[in-house]
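Order of writing sets the labels: A, B, C and D. Residues in every chain begin at 1.
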């Protein structure tokens, strides 16, 4: 199954005093990626979900491995798969690579909640349908697309 | 064993359009906390490590659970323990709570590297010694200090 | 007249690939400073203004001079004066120094608006009263406290 | 003379608890814009300047007016002109609009410095040449491209 793919240029603002991406900035990139996935991949409209449907998608879990540092000026290719899609939450797998070298591997769990009640709300049916286009069997995700790095911790 | 403890006020700049802490800002808080731990808890001097010894401490792993949202104006109490201390890396456990309600639970792995060679370097012996003051048996950390939330994923 | 004074430690997260404070991070420091002034200097409660009174204080103007770079690990002393206090807006003068060396000089204009209507709203009378404690004649602010740098643009 | 133009989508990460762009995030957008101008407009390579020539371009001055708030999901059109080009510094004018409504107006002064010596260094001749493509007489900049907002402060 295809991933949702976006390229992100590493900006001066992403980098720390070592000239490498500072980890909170990686999470800003992830936020942008998921927003684009909702907006363009699922045609849900991340601003639309928020503005019109008063749905928020806070993250409740992250497992992240930073495998290699990334420098100012490099272009990272992000891939996103929907590993599990539940009634009110979904689990994403995200990988960021530069020229096929894996730099970061992420497991993220999002929950759909109502901004009005702050309680979990069912993911709209048409979104669940579209999420399936990006789903993948968790175990096979990485091997299919690229060699798993040796010494991976998962 | 005592944790390294710091209070962090949730600022306007930490919060998103829902009025809750935006997750990349939590990682900025973690960065500040670890800096204070190196500087004050270990008397290592985070700027000192960087400026004088050319040692960097990049993060290579995070496991994070966000258990409850946190709002603008709340004060979070952060606790940090050194769960494992190796030759060139250490594993931290961090918890952020408000009035004993756990909001975030983190496992973070730091590696000590030389800024000159970008390779792992031994943690200075005096730091290893001081890290032990904040060490704790991983399994017992959370139960000792507060009830583990049900449905915890670890 | 006394300034509202706060010390801010330059964190790793503030610094760019040159090891200097990155200018968007200076504006984050200014945001924290103004928040503390509202909260502690004016006893207004910046979260209180926002949460209880639904008042926001967006900035509509900045004039900023960065006079010298500031490095990771340095402590900056921020001073804030209320140069002009109007019915719905106020003009602040902010200076950040390290050991009496001026690093940044700021003129900032804030407007008080209602979060409900997004229109300007009168600054509460008790706040105007308290702002006067931090007021200063604009022309004399800098000369009184320290020598104006040569080549200043204002 | 034509401006250097880029569109920037207002992201969730740019917005504060009021749902509007938080001003430090505007400065992050400005940083990206200037980086793109150096890289694409001047073919200088902002990473290239930094990595290969060890040239940094810190900002020494900003005058900024925020004329209207901008919301999550809106697209801003940024225009940049080189108002003055000196031997070691240049003055930029930047405007951000949504659908021809001016939201922010910026005057920014950049200095070219050597990362090795931290002193001002001559702007490379080929860059000065290319900057002229984006130059404009300061007074005429805004009127030519769009109506000046009433009540403008400059």
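One rule holds for everything that comes next: a contact is a pair of C-beta atoms (placed from the backbone, for glycine too) under 8 Å apart; a residue touches a chain by one contact, two chains touch by 3 or more.
All values derive from a computational prediction rather than experimental measurement.
Looking at which of A-B and B-D shares more C-beta pairs in contact, the answer is the pair A-B.
Seen from the Cα centre of subunit B, the chain whose own Cα centre is farthest off is D.
Here the spacing of subunit A and subunit D, counted between their Cα centres, is 30 Å. Taking the mean of the C-alpha atoms as each chain's centre, subunit A and subunit B sit 23 Å apart. Annotation: 36 Å between the Cα-based centres of subunit B and subunit D. Residue positions of subunit B with contacts to 2 or more other chains are 12-13, 17-18, 22, 24, 28, 31, 50, 72.
Residues 12-13, 15-19, 22, 24, 72 of subunit D are the ones that touch subunit B when the two sit in their complex. On the subunit C side of its complex with subunit B, the touching residues are 11-13, 28, 31-32, 35, 45-48, 50-51, 72-73.
Of all residues in subunit D, those touching subunit C in their complex are 17-18, 20, 22-25, 27-28, 31, 50, 56, 58-67, 69, 115, 118, 153.
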